[in-house]
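The structure follows.
To keep things simple, chains are lettered A, B, C, D and E as they appear, and every chain counts its residues starting from 1.
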Amino acid sequence: MTDAANPIAEIEKRKPARSQWWDVWDQFRSHKGALLGSIFFVIILLAVIFGPMLWHLDATTIDIRSRNQGPSLAHPFGTDQLGRDTFARMLAGGRVSLAVGMTAMILALFLGTLIGVLAGYFKRLDGLLMRATDLFLALPLLPLLLVIIMLFRDRLSAQFGPEGGIFILMVSAIGITSWMQTARIVRGDVLALKEREFVLAARSIGTPNRRMITRHILPNVLSPIMVSATLGIATAIITESALSFLGLGFPPDFPTWGRLLFDSIDYLQQSPERVMWPGLAISLTVLSVNYIGDGLRDALDPRIRGR
Amino acid sequence: MPRGDLSDQSADLSALQPVLDVQNLKTVFKTRSGEVHAVNSVSFDVKPGELLGVVGESGSGKSVTMMSLIGLLPSPPADVKDGRVIFDGVDLLKADAKTLRSVRGGKIGFVFQDPMTSLNPVFTVGFQIAEPLRKHMGLGKRAARARSVELLELVGIPDAARRLSDYPHQFSGGMRQRVMIAIALACDPKVLIADEPTTALDVTIQAQILELIKDLRQKLGMAIIWITHDLGVIAGIADRVVVMYGGQIVEQAPVKELFGNPQHPYTRALLETIPSVRGPREDKLNVIEGQPPIMGAAPTACPFRARCSFRHDRCDRENPVRRTVGPGHDAACFHEFSHGA
Amino acid sequence: DGHEGERGRDGQLNIIYWQAPSTLNPYLSGGTKEIESASMIVEPLARFNEVGEMVPWLAESIPTVENGGVAEDLTSITWTLKEGVLWSDGTPFTAEDAIFTWEYCTHPEGGCANINYFDGVTSMEAVDDRTLKITFDAPKPFPYTALVGSESPIIQKAQFENCIGAAAPTCTEQNFGPIGTGPFKVDEFKANDVIQLSANENFREAGKPAFATVLFKGGGDAAASARSVLETGEFDYAWNLQIDPQVLSDMEQVGIGTVAVAFATSVERLMVNQTNPDPALGDERATLAHPHPFLTDRAVGRAMSMAIDRSLLVEVGYGAGGQPTCNVLPAPEAYASTANDDCLTQDIEGAKQVLEDAGWTDTNGNGIRDKDGIELEVLYQTSTNAVRQDTQALIKQWWSEIGIETELRNIDASVFFGSDPGSPDTFQKFFADVEMYTNNFAGVDPEAYMARWLCSDIPSPENQWQGNNNQRFCDPAYDALVDEMSQTADLDRRAELAKQMNDMLMQSYSIIPLIHRGNPSAHANSLGGVKMNDWDSEIWNVKDWYRTE
Amino acid sequence: MFNFTIRRLILTIPTLLFISFVIFLIVKLSPSDPTGNLPLTIPAEVREQIREALGVNQPLIVQYLKWLQQFFWIEPLIYLENATGWDLGAGDATRLISYQTRSPVMDLIMQRMPQTLWVVGTAYVVGILIALPIGVISAYKQYSVFDQVGTFVSMVGFSVPPFFSGVVVIVLFSVIIPSDSFFWLPSIYDTTHRVTDWDSFVYQFRQMIMPVMVLALQITAQISRFTRASMLDNLNQDYVRTARAKGLRERTVVLLHVLRNSMIPVVTVIALGIPSIFGGAIITEQVFKVNGLGQLLILSIQGGDVPTVQTLTFIFAILIVLFNLIADILYGLLDPRIRYD
Amino acid sequence: MALDMKTEPLVRVQNLKMHFPIYGGLLQRKVGDVKAVDGISFDIYEGETLGLVGESGCGKSTVGRAVLRLYDITDGAIRIDGDDIATADAGKLRSMRPLMQMIFQDPQASLNPRMTVADIIAEPLREHVKMSKIEREDRVLELMDQVGLNKEFANRYPHEFSGGQRQRIGIARALALNPKFIVCDEPIAALDVSIQAQVVNLLEELQDRLGLTYLFISHDLSMVRHIADRVAVMYLGQIAELAPRAELYEAPLHPYTQALLSAVPEPDPNIEEQVERIILTGDVPSPSNPPQGCNFCTRCPQVMEICKTVEPQFQEVQPGRFVACHLHQIAENAASEAHKSIQQGEIT
């Protein structure tokens, strides 16, 4: 066991350091749900990114002669009450919804994780941060958003253009009002994790707090974070639509899935398929994120990966 | 310590009919990365009133064997493939769920390896002891309680009546282990299987429990299977010892015979590694070099061969079967050791 | 047929308003839903019928100069009350109640929402129990405001005596259950939810109302309440169904209900900002100090108006509930101008030409016309509402066809129509180039309405943005006409002046009228007697309603 | 535990005061205006007068302090007076008055409590009752068809907003099914309905079906996920094996031993979810015109009704803080290992 | 070497106390203490192994952790290699970490399950040593070699190892910075007999090669006997007896030590039959509420009246042998004499 290894073997051994990620990928791949989820997700992503460039109709062009049509070759998903092509709107709407959903979710996760970790790790901050969490849970969402929008919309619009500004506003509004659940869960896990011996071991080495958190705490609270991510993306997409509907979001001719869903409700009896498309898109996205999350969680856990 | 009568008893044990007879037991785990043959063709028996010690390296299949007996392994991933487990004239492996349930906890008591987690944290100790009593002996609430107090007193917990309403976390590790033993003993089982019941305890508490077991065995006359790593414990209480390695039984002998005349290289190595507080102090501890085998498939060769210093060519080709090497003593090895080595 | 017989013979009437009334005291909330629900309980001296004519209600007749009811100098009016009118609690109704109502609403601490109906009233006196004399501070050419129409009904003195002034809001019991002279009385009122009413035993007309009880439910949305009348039949009457006309007519196809529309003076219009809303201007944003860089150019406004296909807007968003219009004052008939009717046909090419002629061309090839480096880019805001958003989308498309780039914005109605000085999004601040909403005037007299566009009525930081002249139109000639009208009693002349003012506004293109909006409501086919009315409460004649089968 | 509760309750006061102040600021700063929903025919001066009469223009801090006094002193006093008939001198103090309805905010809230509790409460209970078995079975049979379908349905259920599912069920049950059919359900909730006899009970039941269904879908989706995860954590614990070794039935093992432990986190999640009962069902309330607290909140927000928004939100805040505490206490009660002092 | 009083001890612990507060009451004020370690003193000389034994929960791990200042201690002085540890601030402590390391009780729990072996071993290097990636990798492989881990395993995760191998990872991590002093907190308790021997041999071998000093915490008396030069026996937060290994096992003075030694089972049925056991009875007191007088008085088979009231002094009763027991209490001035002798030993 202790015999001097030959140099060739040595070189060989150095290389696979990077291949951890292949392990992760292998494990991920073997999770059927995750694979299927990713495929769906990638298809949706590709469709919304490249779809609008490839599809010949524009999402906002009105063709009043062909209003309220059912699916046809020219309009595979039909048209709306102004004759706009639903397919084009779904593609364009997906861009916004996914972008908002993902960014807001990431923001909420970031905030939630940060606050959860800080509260769990530093006992002194715990009381304060948890009361702050209570506060945010208690805040009335709508007035808060109105205030945010009143205070920041014009400034952001000036800075990033009207759409960019609204995007930032929406994402931050949704983000800062939906991190609390994550924070709670993460805090609970960190509290338990902090007492684990490997954290003490790291302290005995002299690891400073910052790296203690990034290296030892964070990777081990991944699993609740994943769950929050799944639920977070759904909430963000729906919240976006609610905000747009209240006039707090994107310009009214700007399609998003949530908005399409909302607008089509009135036409539920006339053309049920119009409700189906955005409903399906949102559900599929959430489902695929859920399965990807499951797969990722398993794949990132070396204990499961070994099996 | 009174122990003379025990050795007398062990002399005529061999004449008795075994209370539990295990033949050719095989257990395989199916995992994502292939099969694990955790138990391979294990056969042994216990006689009434006998204390059978089971020793072996960690991972050698001790716990799995015992759990396979009464179908406690979750399936999947576990699959108990072959063999027979005759208890009370019934083959437990073929028995239906109802029979099994009546055997478990009723006629066979089980003490698990880890007392810290084996008790349900949210029920009182009293509830947990009473559970098998009400289930198997059909006792009412009152009677179950009375018997629970009795049991707790039996395992040496002071102030038993009051402690019945405590939760497991309010007991120390040693006391929890005793509660586990009380549960296992609740219905006067014919066989008690104790899986490393003292490993988690410190020596002073361990000594208390060993005393208790000796006492109980005398009082109740049940057969006991006692799994442990600690040869010291085995030396203290066992009548007969089974040594497991790599999912197989490699040696089986009465306790003094085993310590005095080990016939398997693994047993020998094992005995040599252990330091003592009393004898002379070695400068360097003996170790068994190498790694335990990976039990990916049913063995076709001796599982110990890689670490064996008495290795023959044959060991690579054949898995040795147990052969008799002395009275009540058999070992699975091709090498013949001179008696008393 | 069933409309004669004894009182209460037709059982229960179910009415749904998708906005729920918050109180039954019309003076404490000027909202339509409160006024209309209260109109079943408390009544005015006179009402407007479905064609906008005044009909006596609690009064014997309409006083005029001719019949001597109105003084020659137009400074007083004398009403004679009907005989034998009782409050629902059985006590007699007298002129004192009317006077009390005036006192109640004009109390400075009361926060009365309809106080402007009593503008100019200096005193009221009870000549006798049945004669009420109202005196004005100046000649009042149209003296039928105080205590006329559903906005200023008469409340009972005995009930509200202790609720005057600051105490007004604390009288919950009274505000939620006013005693009235109307056909129904309140059994239970749940604010913002539901009202249960029953027939007033003391109602002055025999055999009326036909319904014994009324369930007046509030909440939900327009589509749902339409569905409940037209499809599920759970309700008999649903109010204000502004939803996609296609959907509405599909619902009507089911055959259990009918949509009825009434028109008054509501006009959906585009306000074209005459001042510059550029945020860079800071405090002087959207004030007269900075005229709008291009919307003050009438050619631009004209082109914008020409590019719009108003009939299509009606078809898509309003159906029977709207008519294209080119006037901000489309009714009553006598006041409606016809001078601007060429806007009724869309003329994209013409619009382009107008812009071309005015020098607006696309010099840099980005598809947007410009002149002197100014691009024709407008921010177009309105309140959140599905039909308005469709209209926005259509107009945006047409404007883009003539080379005007539009950015759309929608704002929650409570913010848009609110007047929080801190909010940048109110329609009065008008920090946008174009905004769209509907306005109208109550009753039939347009004088106050047309006076909205005085130079002095422009919202600005000085008056905390409180003003009615939202598009910041300012023309001394117009101010002069307003002045003249306020002193003219002759109805023909008044009509002429009104038309003149309307045309002046139209030609400034600071207001682009789109649609003369009606009020679509649905009622079950089994409900008889409904006469849709937008001049007054639309359930003004609920006393005459009955069940047909 | 008692001390812990008291201490937390005391700590709650400054927390709540601070929360109330922040809420107040936000509600005040938000640009909604109490006169915003009045017809445009009402001139600006009149609007200003109305605002003046409402007290909108007083200095912020005065308004806040006044609110504090009204909420914490006058309102409780008045309720006390009403309950006991004593005269405590609150008679002529101005109560907390809503801008919109000009009536006491607390009365409005009390008026709406029943329907909210009925509909949303039932939905919560139904949701939990459905979620628990689903969670338990999907965990017990992990990766079975049932589990997969469960995952799918709950994820879809979670991602379908009630403004959608609500209208779908209305169209299905109120429109498509003819109104004389047995399966027809009312689409508009009648808050004036009183349950007095069997028929009226049936009607109440029927009018609750749809809103409860829609709400329960969401609740079920979340709670079944939590239950499943928690069950999975516990199913492989050692004490489960102990329970089996006692010969207990599978049902007892899962429903008593495993579920009891799994419920600990689930119960806290449920407790934490209760405050959302009161505010969270806004859209469902709107779709079915239940006109409960959620609808009151949204109307007040839209109407710029500061006192109502402030009071409602603050009551929600109290509930949130309180149920946080209750969750912690429940945790301690359910899990005997946890002791707070 | 053990009794070579001439050299300055590498580690000197004096009157170390570690109390964990218990909070309670209305305002969560401190209402008491878990006196996990309650005033213990010992020295460890360079190259020596001090064994620390005692039953579960008596405070052994706490001592180990407190000595390395992984806890903020309540009272007492700790000097390692001349530096004061007890009061050092975070920066100073961090800079001293390379000197002193710890091997943890539970090899599974003390390794981050999400890091590879190479990362785990490299972590201290990253924190304290500036070296290139290649150099670091080389050092990691060297360390793995040193503790007898196959280099192939560098990219594996902890759960893929057997207990003994995991403990080796922990040891490699502790060795990475070339420490002088290592606290081994029950490094073998979680291991199987045959692997225990491997680890103990490894520790001894490393001590020989690198001149390490160990504080070896264990409750396995036979292993301690094997590895330690001197042994301290703890009971309920205090040291009951401290003596050179041979003397302690030969003739334990403190009744607790006697009971402990007698309870150890003997892996030979023939000897086992003859062993005289002292079976302790009575309740184990709680460290938050230790009994009056001698801590052991509730279970002591030789308890006297004085034990229940007067706390025995921890004093040197024979050269190099310290005990805290009234049975062995020597006269007051003799005790101070003995005490002086230690102090002199330290000065000279």
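Keep in mind that, in the parts below, a contact is a pair of C-beta atoms (placed from the backbone, for glycine too) under 8 Å apart; a residue touches a chain by one contact, two chains touch by 3 or more.
Just so it is clear, the model here is predicted, and its values are computed rather than measured.
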Contacts common to chain C and chain D (chain labels): A
Higher-contact pair (C-beta pairs counted), B-E versus A-D: B-E
Chain centre separation in whole Å, for chain D relative to chain A (CA means): 26
Between chain D and chain B, distance of the C-alpha-averaged centres to the nearest whole Å: 55
Chain C and chain E: spacing of chain centres that average the CA atoms, whole Å: 88
Where chain A and chain C are represented by their mean Cα positions, the distance between them in whole Å: 45
Shared interface positions of chain A, touching two or more other chains: 146, 150, 265, 269, 306
Residue list for chain C, restricted to those that touch at least two other chains: 412, 415-416, 422-423, 425
Junction residues of chain E, two or more chains touched: none
Residue ranges of chain E in contact with chain B within the complex: 55-57, 162-163, 191-198, 200-201, 204, 219, 221-223, 225-226, 249, 259-273, 275, 277, 279-280, 283-284
Chain B - residues contacting chain E, complex: 1, 3, 57-59, 158, 172-173, 201-208, 210-211, 229-236, 255-256, 259-260, 269-271, 273-279, 281-282, 284-288, 291-292
In the complex with chain A, residue positions of chain D that touch it: 15, 18-19, 22-23, 26-27, 29-32, 151-152, 155-156, 158-161, 163-164, 167-168, 171, 175, 222, 225, 229, 275, 297-298, 301, 309, 313-314, 316-317, 320-321, 324
Contact footprint of chain D on chain A as seen in their complex: 131, 134-135, 137-140, 142-144, 146-147, 150, 227, 230-231, 234, 237-238, 241-242, 258, 261-262, 265, 268-269, 275, 279, 282-283, 285-287, 290
For the chain A and chain C complex, residues of the former touching the latter: 60-62, 64, 67-68, 81-82, 84, 146, 150, 153-154, 158, 162, 245-248, 251-253, 263, 265-267, 269-270
